[in-house]
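Chain nomenclature is as follows: A, B, C and D, assigned in order of appearance, with residue numbering initiated at 1 for each chain independently.
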Amino acid sequence: MMSTIENENYQVSDIMICAMARLIHNGENVFHGVSSHMPMLAVMLAKALHAPEAVYLNIPGGVDPKPKNLEKYTSAGAELYEQAVAVFPLAEIFDLSMRGRLDVAFLSGIQFDKTGNVNASVIGDYHKPKVRMPGGAGSAVLIPTAKRAIIWRTKHDKRTFVNKVDFVTTRGNIDRIVTPLCVFKYENGELLLDTIHPTSSLQEVIDNTGFEVKYKSIEYTPLPTKEEMTILKRMDPKNYRNIEF
Amino acid sequence: MMSTIENENYQVSDIMICAMARLIHNGENVFHGVSSHMPMLAVMLAKALHAPEAVYLNIPGGVDPKPKNLEKYTSAGAELYEQAVAVFPLAEIFDLSMRGRLDVAFLSGIQFDKTGNVNASVIGDYHKPKVRMPGGAGSAVLIPTAKRAIIWRTKHDKRTFVNKVDFVTTRGNIDRIVTPLCVFKYENGELLLDTIHPTSSLQEVIDNTGFEVKYKSIEYTPLPTKEEMTILKRMDPKNYRNIEF
Amino acid sequence: MKTLNKLMSLTQAVELIHDNDTVGIGGNVLHRAPMALVREIARQEKKGLHIVKTAGAMDVDLLCLAECVSSVDAGFISYETEYSLAGHYRKAVQNGLVKGNEHACYTVISALRAASAGIPFMPVKGLQISDLIEVNDYFTRIQDPFSGELVTVVKAIVPDVVIIHVQEADKNGNAKILGPKYDDVLLSRAAKKVIITTETIVPDSKFAFSQDKADIPHFLVNAVVHMPKGAAPCSCPSKYSIDRNNLDAFKAIKNKEELKDYLDNFMTEDYRRY
Amino acid sequence: MKTLNKLMSLTQAVELIHDNDTVGIGGNVLHRAPMALVREIARQEKKGLHIVKTAGAMDVDLLCLAECVSSVDAGFISYETEYSLAGHYRKAVQNGLVKGNEHACYTVISALRAASAGIPFMPVKGLQISDLIEVNDYFTRIQDPFSGELVTVVKAIVPDVVIIHVQEADKNGNAKILGPKYDDVLLSRAAKKVIITTETIVPDSKFAFSQDKADIPHFLVNAVVHMPKGAAPCSCPSKYSIDRNNLDAFKAIKNKEELKDYLDNFMTEDYRRY
């Protein structure tokens, strides 16, 4: 398995993006926010392959844009307005989720615990924080209201996956958490190991997770297909998707 | 006085429109709604003369439109979008008033009493009305929030100006009520006779008003000037302003 | 790229509306009212509809005469000055057949904004001293938790379906309103289903390659009907003004039987496939 | 026809902002932030400002470094991935110099919508289980008077002044945003005063004779500053992308003294009269 990976030169970001793309079903309304190159590419990849009628919603408000060139510094710029068919700005995307009609929201956070609490706010006391985070942006209102919240995080360590979060920014309809090591799923009120990336191992997941790793069976995240990789490289020739690694 | 009127062929609608126009001050934000040919012409007249910087707001949402031709059947059509500089639709005009920044709203009603209550809803019981009115449109929320509500009504009789309204749709910042006979003003919680149209008389006002007509002094509504009439006739060559008479 | 084709006939589109639905109607007074849809609702004899509109005229009047209506939530139901009152609406309310839920136009807007944001009510600044608050169960007063002051609130209105006539739409449901949009964009956001009739079907690529994007995005829309003259005899900005002869003919109608003839006369036009 | 000329210099425009004002900032992260106005606020050493923005980056970071800020109400304050965190903002919050009032971006929008509608609070569906409700005095829960269920509400935020950079404006204040509008239109409706910088001054007749009307009408605007490159080093869609050299230079700044040099270097450009 590992040799295949080396032969094909898969990046962890490629595996994560493909894992996220496959979670998008055809016809679903899908949103991502700022600092989200990987979800941006996951949505575009899904639309190019198995989910052509997924609806791509984003902060600039372009519905189903076809950006010519992505930007390295942003996933909230005017390129997500190019060739869009309609305007549906951020405020209305939030409204859509509030009334129960946003299918998928890609969101992040800083700390996650085994019962599905999300902290995107502070480490330490809220009023005198040891570390002040950028803020959860949409997380606090979208995780409870989107039909499925897909969390992604480029760090997987014991400070990220903790026994109990410092602060509950929100909790809600978490579907999956995609990390550089694995995919968690949320079931019956707790996080379970869903699949392990072929670039990692069960032991590595356990060593880097602050709570007991539970699973029903050991499954591996499927590798990107050739078709997926071809499209990814065409859409992102400068490899911005790997910027956080 | 009356002979002058006859010589000049003033219509009561001309006198009412000029009276309304003169209540608009330069720089004010001014709104009128549906079925409002006379206020429409009053705003346009004021902007053409003494209040060029009055801001003209209307239901179609065109800010400061310059309609080429008015329509007989409507004061809420696309002609009020022509040459508008910005779009500010009805919902936002209401918001503007709610936050205290609409200066003048031209509104109507069916019944008015001496203490300033306005009925635009029903005659008889609300749930089993003897007469169901079209509804107050914006009145219920604009009369209390606009800085000055200017009421106009093309009927002046004892069923319109009553001792006590059948139903209180609203009460609020009434500035003036312009009728075919006179102008009332609202002062210290009661309606006072402000000016009598030169086409009418104190006795006629008294005979057609269902409450005691109070006044501080007898004043007459100034006649339209030549300039006002020239502009009115140019803007409304087909005399739509007189449609209710 | 595959796309969802939502083109269908007027008949099929109106079959998406069920008895007792809450139905929001686009346009304002005699402007861009979705009259072909309104006529088909009458022909299909829908019953018990709860109509929502800021300012309605012929649309609501016709539906009341056709006995499709159970209640009307509106700020104003009347033709404007020249065409005078909406007699069938008035009669239906006075006879107790239709409940006339009086709003200010703004409280309809506020109720739709609440629906659009998924919240149960909306505070309204302007409704202060008014008998409307006492006699209607959709208004009440609550305390502002921050200042302790009383504020009037209106209950959300969630239309089951909204019917809108536009000048341009593609077959997927992206729709563009030329000229005044009135409250149609908000209606499309508040509703569970949206039915569009359109003067012209534009190519899928039209909005993508224009600075002028669609006002209503395809994913909110359930049905698109190609219906030139779909607002007639009401006006459709940039396309046509009111049809005075036809309006006069409608205004002369006295009863449901005469309405049937009036509706029959429109069938060739309404059922033509483009 | 006489018109109100609101053209003024950057200096005059920023003099409309007072210490301790609540200031809303247009744009989103590094896009169309009104950086010339932000720099002039820093030069004029405004104090105690309460900043409001859904998602801010360099603008808020610079104002925190300049010690102009007392609190920030925002959903997200950070550069995006490539330029990483807003270090000066973070430090100021951690040192207790700035109060970081955490919102979801949507609760900022809801608070501004409340301001725009003149109501004291806005219900928010999404904020359900969250420590944010308990630790912040601008959130609380109340009972929906219609169903009896609890609903979270956010207190209105009324900006004293809002600063916005656009591509086109006329001298009276009619302003047009090309490309993404973000929350700028809402900000203009929520604020008591609006200050516009614009890439180009267009003739008064431009919007009147175009289908593309202004997004922000003149009567909401108090000042118009002709300021090409007024968003730089941030991006301005259809005009310019970010200025990477300048952003790098700013990111290297360690303290207020170095910021002074940085601001001085912009003076020729910011004070040029067009």
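The criterion applied here is as follows: contacts are C-beta pairs under 8 Å (C-beta built on N, C-alpha and C of every residue); 3 or more make two chains touch, one makes a residue touch a chain.
A quick note: this is a predicted structure, and the numbers were derived from the prediction, not measured.
Student: Which chains, if any, touch chain A and chain C both?
Tutor: A chain counts here if it touches both chain A and chain C, which gives D.
Student: Going chain by chain, each one touching the next, work out the least steps from chain A to chain B.
Tutor: Contact-graph shortest path, chain A to chain B, evaluates to 2.
Student: Once you find the CA centre of chain B and the CA centre of chain C, what distance in Å lies between them?
Tutor: 28
Student: If you average the CA atoms of chain B and of chain D, how far apart do the two points sit, in angstrom?
Tutor: The computed centroid separation for chain B versus chain D comes out at 40 Å.
Student: Distance between chain C and chain D based on Cα centroids, please, to the nearest Å.
Tutor: Each chain reduced to its C-alpha mean, chain C and chain D end up 37 Å apart.
Student: Where does chain D touch two or more other chains at once, residue-wise?
Tutor: 117-119, 124-125
Student: Where in chain A do residues touch two or more other chains at once?
Tutor: In chain A, residues 62, 98-99, 145 touch at least two other chains, as defined above.
Student: Viewed as a graph of touching chains, is the assembly arranged as a line, ring, star, complete set, or other?
Tutor: other
Student: Going by the touch definition at the top, which pairs of chains touch each other?
Tutor: In this structure, the chains touch in these pairs: A-C, A-D, B-C, B-D, C-D.
Student: For chain C, which residues count as touching chain D in their complex?
Tutor: Listed in rising order, the residues are 110, 114, 117-125, 140, 142-147, 149, 151, 153, 155, 211-212.
Student: Enumerate the contact residues on chain C facing chain B in the complex.
Tutor: So the residues of chain C in touch with chain B come to 28-31, 54-55, 74-83, 85-86, 89-90, 93-94, 96, 100, 102-107, 109, 124-132, 135, 179-183, 186, 235, 237-238, 241-242.
Student: Touching residues of chain C toward chain A in the complex: what are they?
Tutor: 1-4, 115-119, 170, 172, 174, 189, 204, 207-209, 213-219
Student: List the residues on chain A that touch chain D in their complex, please.
Tutor: For chain A paired with chain D, touching residues are 33-35, 37, 59-62, 71-78, 80-81, 89-91, 94, 97-99, 121-122, 126-132, 134-142, 144-145, 167-172, 243-244.
Student: Sort out for me which residues of chain B touch chain D in the complex.
Tutor: 27, 29, 47, 52-53, 55, 62-63, 66, 83-88, 92, 95-96, 98-100, 145
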